[in-house]
Amino acid sequence: MLYQVEMTVNIPQDMEEDTVAGIKAREKAYSQDLQRQGIWRHIWRVAGSYANVSILDCRDNAHLHEVLTALPLYPYMDISVTPLCRHPSSVREGDL
Amino acid sequence: MLYQVEMTVNIPQDMEEDTVAGIKAREKAYSQDLQRQGIWRHIWRVAGSYANVSILDCRDNAHLHEVLTALPLYPYMDISVTPLCRHPSSVREGDL
Amino acid sequence: MLYQVEMTVNIPQDMEEDTVAGIKAREKAYSQDLQRQGIWRHIWRVAGSYANVSILDCRDNAHLHEVLTALPLYPYMDISVTPLCRHPSSVREGDL
Amino acid sequence: MLYQVEMTVNIPQDMEEDTVAGIKAREKAYSQDLQRQGIWRHIWRVAGSYANVSILDCRDNAHLHEVLTALPLYPYMDISVTPLCRHPSSVREGDL
Amino acid sequence: MLYQVEMTVNIPQDMEEDTVAGIKAREKAYSQDLQRQGIWRHIWRVAGSYANVSILDCRDNAHLHEVLTALPLYPYMDISVTPLCRHPSSVREGDL
Amino acid sequence: MLYQVEMTVNIPQDMEEDTVAGIKAREKAYSQDLQRQGIWRHIWRVAGSYANVSILDCRDNAHLHEVLTALPLYPYMDISVTPLCRHPSSVREGDL
Amino acid sequence: MLYQVEMTVNIPQDMEEDTVAGIKAREKAYSQDLQRQGIWRHIWRVAGSYANVSILDCRDNAHLHEVLTALPLYPYMDISVTPLCRHPSSVREGDL
Amino acid sequence: MLYQVEMTVNIPQDMEEDTVAGIKAREKAYSQDLQRQGIWRHIWRVAGSYANVSILDCRDNAHLHEVLTALPLYPYMDISVTPLCRHPSSVREGDL
Amino acid sequence: MLYQVEMTVNIPQDMEEDTVAGIKAREKAYSQDLQRQGIWRHIWRVAGSYANVSILDCRDNAHLHEVLTALPLYPYMDISVTPLCRHPSSVREGDL
Amino acid sequence: MLYQVEMTVNIPQDMEEDTVAGIKAREKAYSQDLQRQGIWRHIWRVAGSYANVSILDCRDNAHLHEVLTALPLYPYMDISVTPLCRHPSSVREGDL
């Protein structure tokens, strides 16, 4: 089941560079692992912003909550969730 | 080049049913033609709304404008456009 | 799977009284049928408004979309959807 | 008498972990005690957010105020209150 | 139990003058009757607007809903409701 | 002359408890003194919030400004002012 | 006593030209009469809009309400009112 | 050429009292000097707020920018600018 | 003197096609005439919208008002105006 | 391909003056280099604000993202991006 998730990152300006680098490395590994599992279907950068538009494929709302709150950057993110479903005009078999 | 486009449809309540059906049929054909050409990459329904979230792959801003303003439902849509680019954590080759 | 749905009704002021009464009767029958099936778990009136706060239990986002767009009052409603999941502090077995 | 209450939690990022854990433990105990008394009728997690949607059954507005301001997390919450009443289409005896 | 209610009136510009006058006369009679019963405690005009700020004293949320939806001008009003309770600094015995 | 004033209090979370208690005590004394003079006509708590809805009776805008800016909690308040006047339907002699 | 008032005019597009011209002529006469009396202290056009920023000098809130609701264009205006008082840095004797 | 400028002041709560007093004294001197030159035509206090509504008469947009950014309180202000022009109904020769 | 102006066009859906075509032709001629005079410096289409972003070079606010209100599409436009001045980092001689 | 970019700068008030001066000097050099390359087509100051309106000419969305995130002031900016295209009424050959 699909959700559009928009994530905007606001890292405190006084956080140590090493700490930031560590969180970002874990975020990338975590995201890529979920992408390879097919859970995080798409992730795009919003041009000009430290933000992304993502499509997640989760079993249910609880699964989505579990995936998002485990993000290493979660404490520094504004997140908005839009539940999606198949569009009657879609020709892509997988987009459901 | 990718854009996220959110389209919300507001057809006037006094439009004739036949007219509505005709516009919707042309909208579907137009959308599916663009999907098959690879221009309209994804289209999902927003659950509970007469609205969609789409990903379009256009040559440039002018191409995007041309595609959107030719939509049969364009006069009845609220449209918001977000320019996207490849996310450094993406593992999908095609998501650029 | 649960969703909070807020529905605000705006019936056009020039709609015939009989038409309005007919739509409302079908809305009530439809809502009560879904309540008895356990799909529409709760419905409360917002005090002072022609609006309700509801909890729906649907199989997935597509099911939610199907249920909402079939509402007889759907064309006259503003609808907002919030996907819910079990709260770790909840003591009610059924609230998931 | 019922109220929908939406609570969003913003704990300061520099609060000591032990302090946070202590407040959360007292919050959970407080919430579960009120749930068992029938005052806090429902609590659901908003998927993807540190927020909840709750239904409270209080004697009056003053009782609601007393219950909410005694929340251990109250100083860190944004709270919105919607007074509810029985919906004429409801089939659940208890939803009033 | 007290509520602050803000009512803004938007009568359609093409409504017949006689119809408008009739609704306003019934609105005034209805409001004054409730004021004399002590239910509609205060009503003030917002300077420069066709709007009022009111304080209502109702038994519960359902009573408030019943009072407001019976307003002759209700179909033409935007209404916002704020539940109130006694302020610990208040010196007026009756303001609860 | 009457004004509705809505005051929302945001005391910094790192202020010393004694300092807070001192400010609140002076606020209460100041408010009750103005209430007894008939200047601060009404004060109600907004249920669930550290906020109040008040009705002030001041000689003019300058008097209102003087009264509000002298509030001990003024530096920590968001304040919105609505100028009021007698409502033609009011039956209370004093509500002007 | 001074008020800043912002008025934005929205005349229905299907109103007869003669009717519009008549209302505007009466509006201008009414405004100029109040200006000459010293009640409507200033009126400026907002560049690019059918809107004005005005300073009115009224006896009290009720007088302001009476002046504004008597505007021939009042039924077609969005109006916002800000109560003003003398600024401690002002060097103009009359700006109070 | 006239502009309406609305300035809201937010001085950090931890700034030293002496520093605040110094900035305010320079702000007042600067404002009164500009008023005497005829550049800062009017300044009014917004009742209940640490904010003002002002009318400035500048040679052009660059002059306005220079005047505003030189305000001693500028770093602590939210500023909104509305370009004005003569209103066709104005009877005051100077209001252009 | 420069202004950024954003214009969004909302032509009523029931306007006759010939009337629309006539207004648009006059709008185009008017815009191009002003562009050739150097008053309307730039006009760009907002991708996906019936809207433009423009840079106008006018003598003063009154001139800007005169230019905008003479637009054949003016009655159907939402317009926002931002006064600009030379940026200290600009290397283009003409951008003032 | 053109984009309108609006940048608003919020430098923390406790940043060292030397650090601020250094960042601003690098920002100016970076901006002027891009202007000379023809990438940063225009930059104007918003009168009264520490903000600018700019027109950028980038190869694609990814190029725009790269240019903006390399701004020395980027961590302290709010940025909004509007994709533009040629307007059918434009007479300037270069405005595409």
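Order as written gives the chain letters A, B, C, D, E, F, G, H, I and J; numbering starts at 1 within each chain.
The rule we apply is simple: a contact is a pair of C-beta atoms (placed from the backbone, for glycine too) under 8 Å apart; a residue touches a chain by one contact, two chains touch by 3 or more.
In UniProt terms, the chains line up like this: A, B, C, D, E, F, G, H, I, J = Muconolactone Delta-isomerase.
Note that the structure is predicted; figures quoted are calculated from it, not measured.
Participant: Which chains contact both chain F (Muconolactone Delta-isomerase) and chain J (Muconolactone Delta-isomerase)?
Facilitator: Looking at chain J (Muconolactone Delta-isomerase) and chain F (Muconolactone Delta-isomerase) together, the chains touching each of them are H.
Participant: Out of C-D and E-G, which chain pair has the most contact pairs?
Facilitator: C-D
Participant: Which pair in A-J, D-E or C-D has the same interface as B-J, with over half of the contact pairs matching by residue number?
Facilitator: Matching pair: D-E.
Participant: List the centre-to-centre spacing of chain C (Muconolactone Delta-isomerase) and chain J (Muconolactone Delta-isomerase) in whole Å, with centres computed as mean CA coordinates.
Facilitator: About 46 Å separates the centre of chain C (Muconolactone Delta-isomerase) from that of chain J (Muconolactone Delta-isomerase).
Participant: Please work out the Cα centroid separation of chain A (Muconolactone Delta-isomerase) and chain C (Muconolactone Delta-isomerase), and write it as a whole number of Å.
Facilitator: The mean C-alpha positions of chain A (Muconolactone Delta-isomerase) and chain C (Muconolactone Delta-isomerase) differ by 29 Å.
Participant: What is the distance, in whole Å, between the centres of chain C (Muconolactone Delta-isomerase) and chain F (Muconolactone Delta-isomerase), each centre taken as the mean of its C-alpha atoms?
Facilitator: So the centroids are 40 Å from each other.
Participant: List, in ascending order, every residue of chain G (Muconolactone Delta-isomerase) touching at least 2 other chains.
Facilitator: Where chain G (Muconolactone Delta-isomerase) meets two or more other chains at a single residue, that happens at 2, 45, 47-48, 61-62, 64-65, 81, 83-86.
Participant: Spell out the part of chain C (Muconolactone Delta-isomerase) that touches chain E (Muconolactone Delta-isomerase) in their complex, as residue ranges.
Facilitator: Spelled out, the residues of chain C (Muconolactone Delta-isomerase) in touch with chain E (Muconolactone Delta-isomerase) are 13, 45, 47-50.
Participant: Which stretch or stretches of chain B (Muconolactone Delta-isomerase) touch chain A (Muconolactone Delta-isomerase) in the complex?
Facilitator: Within the complex, chain B (Muconolactone Delta-isomerase) contacts chain A (Muconolactone Delta-isomerase) at residues 2, 4, 27-28, 31-32, 35-36, 42-48, 52-53, 55, 82-92, 95.
Participant: Please give the residue numbers of chain F (Muconolactone Delta-isomerase) that touch chain G (Muconolactone Delta-isomerase) in the complex, ascending.
Facilitator: 1-3, 60-62, 64-65, 81, 83-86, 96
Participant: Which residues of chain F (Muconolactone Delta-isomerase) touch chain H (Muconolactone Delta-isomerase) in the complex?
Facilitator: For chain F (Muconolactone Delta-isomerase) paired with chain H (Muconolactone Delta-isomerase), touching residues are 5, 12, 61-62, 64-65, 68-69, 75, 79, 81.
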